[in-house]
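One chain, chain A, appears in both complexes that follow, with chain B as partner in the first and chain C in the second.
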Partner chain A sequence: MSAVAIIGTGQTRHASRRDDVSQPELVREAAEAALADAGVGPGDLDAVLLANMELFEGRALPELWAGEGAYAAGRPCMKVATGGTSGTSGCIAAFHQVAAGLFDVVLVVGYEKHSEGHAQTGMALTDPFWDRAVASGAVGNFALSVSQYVAERGVTEEQAALVAVKARRNAARNPHAHLQMAGLTVEEVLASRMLADPVRLLDMCPQSDGACAIVVASAEAARRRCRRPAWVLAAETRHEQPYIGDIDRRLVTMRTLRDAARAAYERAGVRRPLADLDVAEIYEPVSYAELAWYEALGLCAEGEAGRLVEGGVTAMDGELPVNPSGGVLSSNPVGASGVIRVAEAALQIHGRGGERQVEGASRALATGYGVYAWADVVVLGAQEAA
Partner chain B sequence: MRRADGAAVAVAGVGESGPLACDPRSIPEMVLDAVEAALADASLGYDDVEAVVTASVDLFDGVTASNVAVTEVVGAVMRPETRISGDGICAAIHGACELLAGTCDTVLVVAHGKASMASHLALTEWAMDPVFLQPLGVGFLACAGLQARMLAEEDAGAVGRWADLAAARRADAGSDAIAGPCSVEEVLASPIVASPLRAGMAAPPGDGACAVALTARPPGAQREGRVLLTGAGWDLEPHSLGERDLRRWEGLRRASDRAYAAAGLDPSHPALDLAEPSCLYAHEEELFRAAAGVGEGVTVSPGGGLFAGAAPVASGLSRLADAARRIRAGTARRALAHGTWGPAGQAHAVAVLEADG
Partner chain C sequence: MIASEALEVSAPMDLGWRYCSGAAMERFLVGLRERRIEALRCSGCGRRYLPPRPLCGDCRLHLREWVAVADEGELAAWSVYRLPILDGRTGEPRPAPYGIGLVRLDGADTTLNHFLAETDPRRLRIGLRVRAVWRQELRGALDDILHFEAAG
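Right, the complex of A and B next:
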């Protein structure tokens, strides 16, 4: 892929209800912020990509209505929708359209307005014969997979709670984050309501209204317009079997994320991910998933994820801060969540992370997670690939 | 459009299932048929596919992340797949971008739509602005009617021409098509569905899947009988009908201008000999010709276009497949394939196909 970079990012305030804005207005809030951050005007945009899971709002082809919020009228516009990976896949689609030589500056906006729909209903619209009755919705299907992961790897509920606490404490330094629980403790997580054993309320991500945008530029445009572009060093996607029962030990192996990460590391020249990466923004819908992803991403050996979080290796002051933004556990507008991962990783390279900045971050990882086990992996760097 | 290494995008194989008025099979079964046909046509196997781009619309399928239903049959397990939620021709264009970006050399593009599963036109109301338009019960048919009404008010002969056009397209589609041939008189006697549009002026909805294999053709490897995708363009118009001049498809003009420029063609004389538009209503063919600069000498929809059966989402990709077949058969050298979605042609995407060599 020829050189492509992210030159600006922007996002809304994420909240359980954003009654003050319509869906196009929510999109506009993020788009406007990203353009301002990139120092470009709407007239500079060659194309737009949207990411959104339309059944969560009960809509069809929502780009037709919301596209104008992203300055899409009169421009090429496509919408990408792949479940939770919609946002990361939308970013990756933009990387391809720019690298193909079609465009110089492309805006990607992911958004979701869960308060105008019903996420559980949306997630229950799976295969009507096999899946709908047994594994519908994030809580139920994660309870199945987390139980298996806990049984095989011996992860404890305290270790999972540490992930939940880390996310919410990081979120307290992020003005955009939905959940603000700076003082959350492990005891409070363990005392929270059991949703589906072993997943508790505070182990789970919230449902948020929110939008996030990035500005993607060709190499020439990036060098001209941005002092410190976040170069796309690698972008990989892997999809998986459609039925949860057909996926071999989903969280234990998470072979999609593992293979996508290996391919991306190879392309980006990452040999020892824990040491070579400076910051990671990973898509963890549930606390236990972050532990499983540590293993799939090669940050530790199999079965060592619990010790990684206990040792503070992934805390803000650790060797590899994971989710300085507070992650999906703190804000989850689904169609935006993947864009947020990429935007937060780019923000770190840009050095515009404010209170959540990891000092001197020059290589960042972003991941997306969708449906039962779809995975996207993006590696960004301050140095353009040779 | 060329890759940095000089490679071009080739349409290596096409396959279709349908369109049928009501396919009794499940969506994965329909899609499997189309994919197997496209791979066989391209002399490729599943192992040769490096990446997949699918197109589907969740509300039309009643399934969240509706490409889940086809992941296995398109060969996307443990492979890169992305899904465009829009007309299927967009998936082909994005697949071409993946080839041009240099991340792979073979992309499988697949689109499906099954109008018989629900009242498709009623579902289109859910694509309308939910504040100002959806509460009025406005869907894509009503918008097409308003557009046709504007055209007919200024042009006394318009409705008669549309009846002629519809009858001609139905005849081109042949007697095996969903609706079958009918006379101009029958079109004019058919019930009004959205004044001044009559039932006979509308392409019959259908169930169908379409698959296209795209490959990178190295420089210097020209071959007679091969088809290249040399240009692409797409565009979104404002949503509100009041913000557009409904008498023109301005979005298509911008989209086709971009595609012609990418293909190195003069937008005022694109030198096409075939056009395969996605026209759901007869009046749209006139809008298409004017916006895309398709002159009288160009053959339009020789197989009846969507009047043979319009499967949602798959329509635009099936136009591309049809155009590729005709170029391969030697009956055309350069074609414009077109897909559209949204009310009154709000969104358009086109691709220029040319004979290789």
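Right, the complex of A and C next:
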């Protein structure tokens, strides 16, 4: 396998409704921005990878129509769909294509236009024999797992609220973010409506319209076209058994994310994640999950996640800024959300993060989380792997 | 119409599907008609799986050994859901609030995702003993169990 890098990123303005564009136009907005950022033209693309969830935008085969927006006609083009990990898995699939020597330049576009579909219908049409009678969607699933995590780790609602505040305040410095709330306070999070105990409205991610794209290149193409490529040091993905009840204390054990992180760190030479990484973009659909991921990603000892956020260790000016973009808690166009994590991590390496740039970032982490059944971990670096 | 104005399309549908359960799920569902709950035990790791399925995901072994499971057990996770979200069986919103939980039935190792009769968070805790409340006329489906209530 040969070296692979990300040489350009682009994304839309994410919002609850992007009524000004059609689905292909939304995709084109991100694709065009990524190509411009990479300094490549549509004619330079060897292949296109799309990431998107079916049933979330009110039409079958959304990729058939969106491909036009991603310059896909006349080229290899396929879609990856694995729930919330669709975007990170789409990026990883492109890394594999390029690393295998199949292509030199691949465009990945993740997108979702929630405002045109019924995500609840998609969630409700789960396994007809077991899940469908009792499923309570993403919020219900998370609330169950959060009850276990809180009971076992003693995490408080204030600590979770700190995560929600950090995300929305960071988002205020990201022109693409959906929920920008520079003045949000812990008190306001705690006063927001209870959705499913103990998860409140402001503990949850929004549903967004949006798209995000990256340009993946072979080592030779990356060196030729990019001043500071974001090299892919590791990319790991893990799947889990199918039912939520199969997983013992999901947020505590988190086998998928732990295993993927362990393998990725080993490959990338990350020994002490908190010290060795400069910035992280992690997929946190609910505030409590970010705390659980701190443990699973080895950023702190078991049970110390609450203290990590209280101490500001993961704030913009902390030892390891987590989600300078505002994260999934601030923008969640599902199929795009994983691509956004990877793109934001690459943006930090490129040094083009604007107001959300972490000074001198040279090693960045990106993760994806799909239902409870997938986890992806990507490590990017300014230095090509030896 | 101008470009920035969304086109509203109404599409009322009355959709039906047919699904094949597979042999393991069929035996489980048939058992429910007689208030019988059975799990499949893995000969490798010993884990007793609900829902029963043909293969252990961890050991990759075929599951063949059926074991009896009680209709009561211990609450392993809980929440009180306060949104009227879509019910996948009816296509209608499910009235809220309602309790939800993961129940580890006596004799099983995985947990069962189901409803709870209790909607007061102060009366719910992990470890609470709960028992199934069955529907009057059993139909051979998971919702033959209406919900779980505190036992004893």
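In the analysis below, the second predicted complex is superposed on the first by the 381 of 386 C-alpha atoms of A that agree within 3 Å, B and C clash if a C-alpha of one lies under 4 Å from a C-alpha of the other, contacts with A are read in each partner's own complex, and residues count from 1 in each chain.
Criterion: a residue touches a chain if its C-beta (ideal position, glycine included) is under 8 Å from a C-beta of that chain, and two chains touch if they have at least 3 such contacts.
From a predicted model like this one, the values you see are computed outputs, not experimental measurements.
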Quiz item: Now for A:19: first (chain B), second (chain C), both, or neither, which partner does it touch?
Solution: second
Practice problem: Applying the touch criterion given at the start, work out whether A:147 contacts chain B, chain C, both or neither, answering first, second, both or neither. | Solution: second
Exercise. Please determine whether it is chain B or chain C that touches the greater number of chain A residues.
Key: B
Quiz item: Can A:53 be said to touch chain B (first), chain C (second), both, or neither?
Solution: first
Quiz item: For A:126, is the partner it touches chain B (first), chain C (second), both, or none of the two (neither)?
Solution: both
Practice problem: Look at A:241 in the shared chain and tell me whether it touches chain B only, chain C only, both, or neither; answer first, second, both or neither. | Solution: both
Practice problem: Applying the touch criterion given at the start, work out whether A:134 contacts chain B, chain C, both or neither, answering first, second, both or neither. | Solution: second
Quiz item: Just chain B (first), just chain C (second), both, or neither: which does A:79 touch?
Solution: first
Practice problem: Return first, second, both or neither, reflecting whether A:97 touches chain B, chain C, both chains, or no partner chain. | Solution: first
Exercise. Kindly list the residues of chain A that each of chain B and chain C touches, one partner per complex.
Key: 123, 125-126, 128, 240-242
Exercise. Name, in rising order, each residue of chain A that touches chain C in their complex.
Key: 17, 19-20, 115-116, 118, 120-121, 123-126, 128-137, 139-140, 143-148, 151, 193-199, 240-246, 249
Exercise. Within their complex, state which residues of chain B touch chain A.
Key: 1, 4, 52, 57-60, 62-65, 67-69, 71-72, 76-86, 90, 94, 96-103, 123-124, 126-131, 232-239, 251, 254-255, 258, 262, 341-343, 346-347
Practice problem: Spell out the part of chain C that touches chain A in their complex, as residue ranges. | Solution: 3-6, 17, 19, 21, 25, 29, 49-51, 57-58, 76-83, 85-89, 100-102, 110-115, 121, 125-126, 141-143
Exercise. Show which residues of chain A lie in contact with chain B when the two form their complex.
Key: 1-2, 22, 48, 53-56, 58-65, 67-68, 72-83, 89, 92-93, 95-97, 99-102, 122-123, 125-128, 236-242, 255-256, 259, 370-371
